[in-house]
């Protein structure tokens, strides 16, 4: 998958210079961190001071560090690493990074004149790194030929990586300035890409595949530890809980869209159903139903109601073509919103308080644990949102479990068959209607479940929280992240919820960019950022090369390459 | 090939009827695609269905398998009337392949066959999520049976290949394996050798005999006359939707109406 | 050999990341300090939660700027000795979710003592509990839903839900009756049709209006609702028209009220339309067109031209060089900020930190009383404003002209 | 009886608007089986195109002769947008799975709305009003103004304009589809695209024509809407598009005359629902609910619509 921009002849004659170019680039980057980037000391956390790097200057120096490491590696020409790819990624991202910062400096301080020497030095460095990457020879790497570590050591690597991840996330969320936040993200992509692109990433993937359970465990551990890094502050936790709710709902939608291949444009209504049921049965002073059962019962009622709506809306429309389903679900979403809007006693019975919604929903209280209180664990205070965070994390884990287990079962195979060729699937005895309805109602059920918690977390429900745009957002989390995968949805949900929260400066253009993103994604990468292989194949039906590539990967994953067949890892992969 | 002899002797009355189609008629608007066709297939019998393009063979298949609801007539399997629903037809024990291969291209060979097992297994959502012993047993059994069938049709080594990456001939075999996975009593093959070279055609013939020996009845649509007349115990010839001739391969082969029909046959496309 | 390199690369990655996590941003910490500009004044922040982006950004920016103006004036005059007041404006995008995030962010900032906002009642509902939990005073310049101060059963059994919540605007339960009395007593209209958009504001207005109007002896000949997403109201108008009302009382905002007025008259229902402060906007006249002459609206306070303090505010705002106009709620926001400043004079006087003064600020709020831009600013036992002066405006030519100003009793 | 007649008039007006938009869905669907989800936005763009034309060339002039120019401007804006949209968002996806063009369409739809909302007020070469909220639409004389009274039934001038526009457009469409070469080629492609291609018909061109025809009618609907409700806004396409799609399904999607019949039916049903559904579930707040409920009911009992259409069973 290497893109060769330079002609082979140039690569041949100038190839040997590549390590030195890279070294120069790296050193320039390191140097730039010690220089001043901006004349104006009020912006971007003050980049005007020389020989005292901070913030963005520090990120630039990290580019330098990795650049130098890769240059040294390139000099020693190890046969099992491909620094060229790493350099290309590092260099290209470096250019983006520097240009972004120079542009921000120029914009915020009112002119390019305010961009000081540091940025320009770094820009030269980035160009040199990129050039070196394109000049140096490509090495075919097979990570499985790397020396094997003991399995304990592999697990240690995983744990260390997860710890790094935890710190990075905590650090990232602490950045308040939108521009610095964006530049850190760019830097992160460049640095991680530069290191992992060398083949290290493939190796990590290999280790991960061999230790799937420890990896999962470590990932969840990291997620559970996250609130402890926040030192009792609720600011980031509030965002985190919203990311979790969004991710959970999007994952439910991914069952419908990604697995069963049904386009649901009114999915938010199911989340709303759960939330409204929880609100109506809560002990809020505005609740319209006198009955106030314990929350576990409420959860089940909410989810069951949502699932019932799913069945009601699904059973007539799933018989006709998928396009109709999309529009009918859209209509259903509108019906839901309008009904919630109307059922206020003026028009129909008083259930929802109409447009005003049901506010003042009290915090959850489960087994004597009050979610509204601050609890101190190991000396670290955990506020209200941290409490919800834990519950939501459990819910997310449950939805992930449902998702993966359904996918890897008879039902999952049926869904694939339906996506591939519905008529043939039916002719082969697959109950297509039943399976589609199942996907639809399971998706609704899970969304309803999430909704019941959301109502308490939000403390209020109102119809304007459940508009079509929210459904579109959920759908794009799935589309952006990757259809049919868990990781994809997590990535998509995080991007869609976190970025607007952090980049408030450009908030007005959020929807515009988002619409454009959908079109561009469908055009160039319809399968999403982290797609399932099968989904990728489906979206590239005519791409024979891709199918053979993925085929080879599949065989590799199944350890069918006779040379590499190692029984213990076969077990690990299952 | 000495099997032809046993086949001709096998076609006698008194054997168990598996499939019976009586007076099946299919009209699309003003067009009568299948006109009053009756057919009876016995246990362990191979029946051929021939006819020029547009004669309504595939449409007839579609009526049998419930993909079309016939305008008139009934189809019975082992004496029970089949409802015109593909799902129920498969459950009752009739499986088919398609003229234009309709595999699940982005699934592996094994997975394709495992989909065929769908209607003979029963784990539903809750079982799949809880992963109890029943689920594990059933999943293992499905996998095992699918591998068995792949071995049976000679694709034992292609288990993990994506269907769309397989050679054409193998795709046809895979479709047969997938159909067999539904535990049918009767198998309908729609042009199983289309696009095959002579060697592959011969292998397919062997496979069909092997299937028949397993006790299944087989109905084959084919254009390759040599293939049909070598394979089948009995041959039906359809022309413009109606049954023209029925008989042993020799009888049909020598029937002048069949020859006429083929020479004068129009070249209309038909599809599923 | 290669194995060692792998470890080396891994180790350097680890060290790099840890260094990164450990360093933090110098800039972020510096920023807070430089704000003090060399004086040893302590800092107290007043937050603003309002829509600063999106459709309602104009209103939100008006709120934020007006608060900013009040704070600047207080700092200049050294209103609270030893303290510097700072503005911490957060965007809520007019959405409850985002508003709650903004509130959480402000609540976790130890310097924040009070918040002005929100614009929307729905956002207020999700902001209230967060701020209340942190004992932060909240003063809304624009929320008119009575339930925010008086609880779910405000009509029958009012009960204060959040002791930290106050507002400088009147609730629907005063504006509606005021309009009813004007129409019945002054304009002599005895038959009326009501229409509202079912939103908190519109429905609240119409409910309060209806109660007062029927009590006075007037007759409601038709009561209809519309969906604010709609553009066409001819179906509703056709239903109202046969009952021959002498006026239509509309509960809602100008984006619907303007077209409604126009379509009403185009369909031959030539009677005046009256509404609350939600339609008291130049946009209403633009949307309703030439036929809107004679339409009426109520608004809180006396007309700005008649109050000296209001004139001073308008002049100071214009001198402040703000890019956006102060809009409908600027004056209320300015009053809200000044109410907070007045309370802070008491509560910050001998407080060690802003956080320590939060509770005292809440308590001091109830005793605040001064003459503001919109009239007298003081709060009753529920946190509602005690000011009850309202004005009826009418459309004349292409502008709103005051018709009558009165105190509601 | 008066109420019935009045709501019939209201319903016909509303229905004419739906019908004009619905034709766009049905023409495109008939040819490439694509639900052009962003068609509602074409309608919105048409209204803004007309407003822009008026603001640039005729600001302040409300004479009747201005109207044809506004219609021209609206059609220009709509058709350009529709053709570009087909080119950029749909054509590259013609062989992709069904999900792809639908999602792409949602993206386009949101993009167009936002583009108008954010940038209409800051177009460099003209002094346009800010489109972040409702924008007043010029009230052209003769087609707006005092309503006609027929007994107790009020007929607004804009209603007559809308119904008239539908009649003229239907006649034009009939002529185009049946009597022009392009129209007949369009019919051929919708019957059998492959054969049509073999017969030398440029299918790509026909698809573009289909988009353009739909856009033309939507543009006229946009003006009718502007005249009726006196204001336009960037969101107006969403609900109108959804309703028009319902109308198209109601009439039988893919069938041009079905769209007209479906639109009128839906309009009348909505108007009658406001007046005649008794109790608290009647009235204007529920009319959209009844419209969508009608869509679902039609799909259950008669998926091919009132007039029938091509077989809708496409997986």
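Note that the chains are named A, B, C and D in the order they appear, and that numbering of residues resets to 1 at the start of each chain.
In the analysis below, a contact is a pair of C-beta atoms (placed from the backbone, for glycine too) under 8 Å apart; a residue touches a chain by one contact, two chains touch by 3 or more.
Because the structure is a prediction, the values reported are computed rather than measured.
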Contact clusters after notional removal of subunit A: B | C, D
| item | value |
| --- | --- |
| Distance-to-centre winner among chains (Cα means, whole assembly as reference) | A |
| Intercentroid distance (Cα basis), subunit D paired with subunit C, Å | 38 |
| Cα-centroid distance, subunit B relative to subunit C, in whole angstrom | 73 |
| Centroid distance [mean C-alpha coordinates] between subunit D and subunit A, Å | 38 |
| Numbers and ranges of subunit C residues touching at least 2 other chains | 57, 198, 225, 227 |
| Junction residues of subunit B - those touching two or more other chains | none |
| Subunit D residues counted as touching two or more neighbouring chains | 239, 283, 285, 288 |
| Interchain pairs in contact, sorted by label | A-B, A-C, A-D, C-D |
| In the complex, subunit C residues that touch subunit A | 2-3, 5-6, 9-10, 12-14, 16-18, 20-21, 23-28, 30-31, 53-54, 57, 91, 93, 95-97, 100-101, 104-105, 107-108, 121-122, 125-126, 128-129, 133, 145, 147, 151-153, 161, 197-200, 203, 225, 227 |
| For the subunit D and subunit A complex, residues of the former touching the latter | 33, 35, 37, 88-89, 92-93, 95-104, 106-115, 118, 238-239, 242, 245-246, 249, 280-281, 283, 285-286, 288-289, 292-293, 295-296, 299-300, 303, 312-315 |
| Touching residues on subunit A, where the partner in the complex is subunit C | 44-47, 52, 54-55, 58, 62, 65-66, 69, 73, 78, 80, 146-147, 149, 157, 160, 164, 167-168, 170-171, 174-177, 180, 191, 195, 200, 203, 233-235, 237-239, 242, 284-286, 338, 341-342, 344, 346-347, 354-357, 359-360, 372, 384-385, 458-460, 462, 464-465, 501, 504, 507-508 |
| Touching residues (chain side subunit A, partner subunit B) in the complex | 401-402, 405-406, 409-414, 416-417, 420-421, 423-432, 438, 442, 534, 537-538, 541, 547-548, 550-551, 554-555, 558, 560 |
| Residue ranges of subunit A in contact with subunit D within the complex | 257, 261, 263, 265, 313, 316-317, 319-324, 326-328, 330-332, 334-335, 338-339, 341-342, 346-349, 419, 421-423, 468-469, 472, 475-476, 479, 508-509, 511-512, 514-523, 526, 538-539, 541-542 |
